[in-house]
Amino acid sequence: MADDARSGILGTIRRAVEGQRDEAAARAAVADRLARHARNVIPLRAQLPPAQQVELFQRMAQAVGATVELVTDPARVPHMAADYLSNHNLPARVRVAPDPLLQSLPWDRRPMLEVAFGRATADDQTSLTTAVAGVAETGTLMLASGPDQATTLAFLPTNHVVLLPLSRLVGTYEEGWDMLRARGRGQPRTVNFVTGPSRTADIEQTPQVHAHGPGRLHILLLADM
Amino acid sequence: MRSTAHAFKENARTAMADPDLTKALTKFKTGFPLKRAQAVAALPEFEALRDAGKAIKDHTLAHLDLYLEVFEQNVRARGGHVHWARTAAEAKEIILRLCREAGAKMVTKGKSMVSEEVGLNTALEAEGLEVVETDLGEYILQIRKEAPSHIIAPALHLSKEQVADDFRRVHTHLASDRKLSEPADLLTEARVLLRDKFLNAEVGITGANFLIAETGSTVIVTNEGNGDLTQTLAKTHIVLTSIEKVVPTLEDASTLLRLLARSATGQEFSTYTTFSTGPRRADDLDGPEAFHVVLLDNGRSALLGTEMQEALRCIRCGACMNHCPVYHAVGGHAYGWVYPGPIGAVVDPALLGIAEARHLPNASTFCGRCESVCPVRIPLPKLMRLWREKEFEGKLSPPAQRWGLGVWAFVARRPGLYRLATGLGMRVLGMAGAKRGRFRSLPLAGAWTAARDFPAPAGKTFQELYKARRTGVHHG
Amino acid sequence: MNSFPEKPRPRVGLLVTCLVDLFRPSVGFSAVKLLEDAGCDVVVPEQTCCGQPAWNSGDRADTVALAKAVIQAFEGCDYVVAPSGSCAGMLRKHYPEALADEPDWAQRAHFLARRTHELVSFLVDVRGMRGVQASYPGTVTYHDSCSGLRELGVKAQPRELLASVKGLSLTELPEAEVCCGFGGTFCVKYPDISAKMVSDKAAHITSTGADTLLAGDMGCLMNMAGRLQRLGSPVKVRHVAEVLAGDISAPPIGQGEGEITR
């Protein structure tokens, strides 16, 4: 039955399109499009010199309810994370993605902060991750699953803190895809574009943050260039 | 889902008598168009993006078989499975089997209109599975045993008081003094309850906004994050989607994503856009162990190569219904099936048959607002008109309507007769209505005069008067 | 825009439209005056209906017959102009579609389509009219009829000419671009829904405080006038051409000789 369905559907499609195309040319066009993965229309707003890109990213992220802070010294990050937790009256515990950058931070300088690496559990209130890229166009973070990043970290905890090196800030989604391809590890199981904290307007069209994903998204922009 | 599209008129009457619905639609009909207009104004390339979006979809549809094959191949290369379903029944059978193989007792679901189309929940529940909708709006509808009234704002038609009553009825753990008067209270209650379901479900089912041939990825777009918890925490992730959702590359999807949220909710971008490719990898820290994609046809391939093919460009943003004055008047349930509004008026007759859905393409003033906002430029009025043509040719339209139109066309095709008949008719009407200038009722015009007066004609036609003026002859 | 060598006085065929022909001859005379003021020679070929009701009802055979008759009737004209966005839209957009299967006729339909215009946009865009010699004491509001607006881009032109009418002030109508619920046969096929739409429209019109409602299409005007009058509203309803031509000798739409309005 399964094969019948497949050949049935593809057969109907072929009968409809065949008369309208040259088969060899069609196959070549498809192969070419997939190989080139050309960009289509790219908004001018995202084609900016780096300094303005930072400004745009910050503005767009804040417009959707994320908070953004600049960091110049990575050694400051454990302090900033700890302060963030205490400012929001959160327990001094953070679940951290086992990313080399995050593992290399001097966590011992804030001994009262409980740090655990790995995927999120149901009890975690706060997570810290990096991102593959930040997309200035809409203030979007691009996260990819792998041994250094768990998808649950971006969805289970109520508070998500992201450390984004400015060297990973790009203008457009397309540049983000190129950065991902350049890693040479193929398409990960999960790529998440995250734009602000979770939200819903399903009850009386009233916008509310904190639906099922995090209610707070805090972005630390690390000046590494 | 069982269709009541044939009862559109009665459905519409009931809907217009519902004060909660009217209140919701009043807010909706200005709110959504305004937000879209603001998002479009902030992106000068928006019209060029619409052209690009249309071009991507047209190219893909012209090579649909090839892109589906590439998509399938890439899903498999990443360890996922692809299942093909010709009909709703086949899709349900496949998913039921996958749930059994996964040893599932509970299934969580992200929002999926294709799932509504095939009636998946009923089928799974009949086999003893607990099925939990996790999108807030869909969850509310599930406990009310109702269908969505909008494709992206499913519980649009409900008030917060109605939702509070439903929660008190179904969530028996609630203390009687628990405050549920504000949307925030209701959201908190739903979030806590559903969190448990996410953590305990064996299977998570989502739909897909796009499929990407290049990588074998499925894409979901949400604001709540429910789809991600659904598909990340369960051991098995099943994607139920339809064949026209495929696009060639990540770049093509990116272009369509620039159109989607702006057209749908007026957001620059939805909160979460997730690309899923195969099951979790050996060194991944989380994610599902199995990944299945069910590709549904259900009548879509039959539209290829016909004038209706353009409807397959649809990316399900809902902009057409957000801007439709008929939808604004009656809401989504009146349409009687899964897809309401202008796109429903085009797609539903294709999937249900024109005899069942004949009202939907007729219930349009052809104001053209839907086409003017469609992100992939589907000529919706044209396609609705084509359904009317099929209906007219099949002699399915009501006899009185055909008769009235037939008489008019018979006269209009004969200029001499037109001159005679209209000259006489207008003289009679003109004399009868001259003093007051209008009629409160007229024979054969009850549909008009139920709600409005009928302006009286001047008594003579322009062509008579003009001829007289030109020749200097004055008629009495 | 047009591919014709500009004649000193182009020959313009007036497509009267059946609603104007039957119900509102004054609009036809206003159109003639405005076209003549814009330096055109106006002719009125014998005509019936453009076929739009048949087309929108899926009746292709009758549409095709009526379209051919219109094409023949207007073939000697440099332009075809209609005091209606929806009838002009029918000729411009839908005749070529309706006749697509007959190559000779399709060509003639395209030739006609390129020469066809809605009245007010013709005056402004083709004839370069920038103002009129007319006066109308009062506050008006303007409804943008759907076909004119979305098929032909009629939006700024009527406002530009109305701005030159002495004594007239325009208050914009909220939701001016939303359909009034007429929709040709729609209003009798789905009277309940149409009534809801025109009721919303009437509420917006009333909210402007304007004493006169103007628009460029008789169908919409009769629908809105009928609803306003059923509600007992004193708002006067007129086709924009009457005000631009300075000819308001006919009583407002739906008002009789027995009613003193102005």
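Chains here go by letter, A, B and C, matching the order in which they are written, and residues are numbered from 1 within each.
Basically, a residue touches a chain if its C-beta (ideal position, glycine included) is under 8 Å from a C-beta of that chain, and two chains touch if they have at least 3 such contacts.
In UniProt terms, the chains line up like this: B = Iron-sulfur cluster-binding protein; C = (Fe-S)-binding protein.
Just so you know, these numbers come straight off a predicted model, no measurement behind them.
The touch graph of these protein chains is an open line. Farthest chain from chain A (centres taken as the mean of C-alpha atoms): C. Chain centres here are Cα averages; for chain B and chain C ((Fe-S)-binding protein) they lie 32 Å apart. Centroid to centroid, with C-alpha atoms defining each point, chain A and chain B lie 29 Å apart. One inter-chain figure worth recording: chain A and chain C ((Fe-S)-binding protein) are separated by 53 Å, centre to centre, where each centre is the mean of the chain's CA atoms.
Residues of chain C ((Fe-S)-binding protein) found to touch two or more other chains are absent.
On the chain A side of its complex with chain B, the touching residues are 1-2, 5-6, 8-10, 12-17, 19-21, 26-27, 29-30, 33-34, 37-45, 60, 63-64, 98, 118-120, 122, 138, 140, 145-147, 149-152, 154-156, 172-174, 177, 187-206, 208, 210-214. On chain B, the positions that touch chain C ((Fe-S)-binding protein) within their shared complex are 9, 12-13, 16, 30, 325-326, 329-330, 362-369, 371-372, 382, 385-393, 397, 401, 405, 408-409, 411-413, 415, 418-419, 422, 425-426, 433-438, 440, 445, 447-458, 460-463, 465-466.
Taken in their complex, chain B has these residues touching chain A: 24, 27-28, 31, 43-45, 48-49, 51-52, 56, 59, 61-70, 78, 83-86, 90, 134-137, 140, 153-156, 158-160, 163, 183-184, 186-187, 191, 194-195, 198-199, 213-217, 223-226, 228-229, 232-233, 243, 248-252, 254-255, 257-258, 265, 267-281, 283-287, 295, 297, 301-302, 304-306. On the chain C ((Fe-S)-binding protein) side of its complex with chain B, the touching residues are 16, 18, 20-29, 32, 44, 46-49, 51, 53-60, 62, 65-66, 69, 97, 146-147, 150-151, 175, 177-179, 181-200, 222-223, 225-227, 229-230, 250-251, 253-259.
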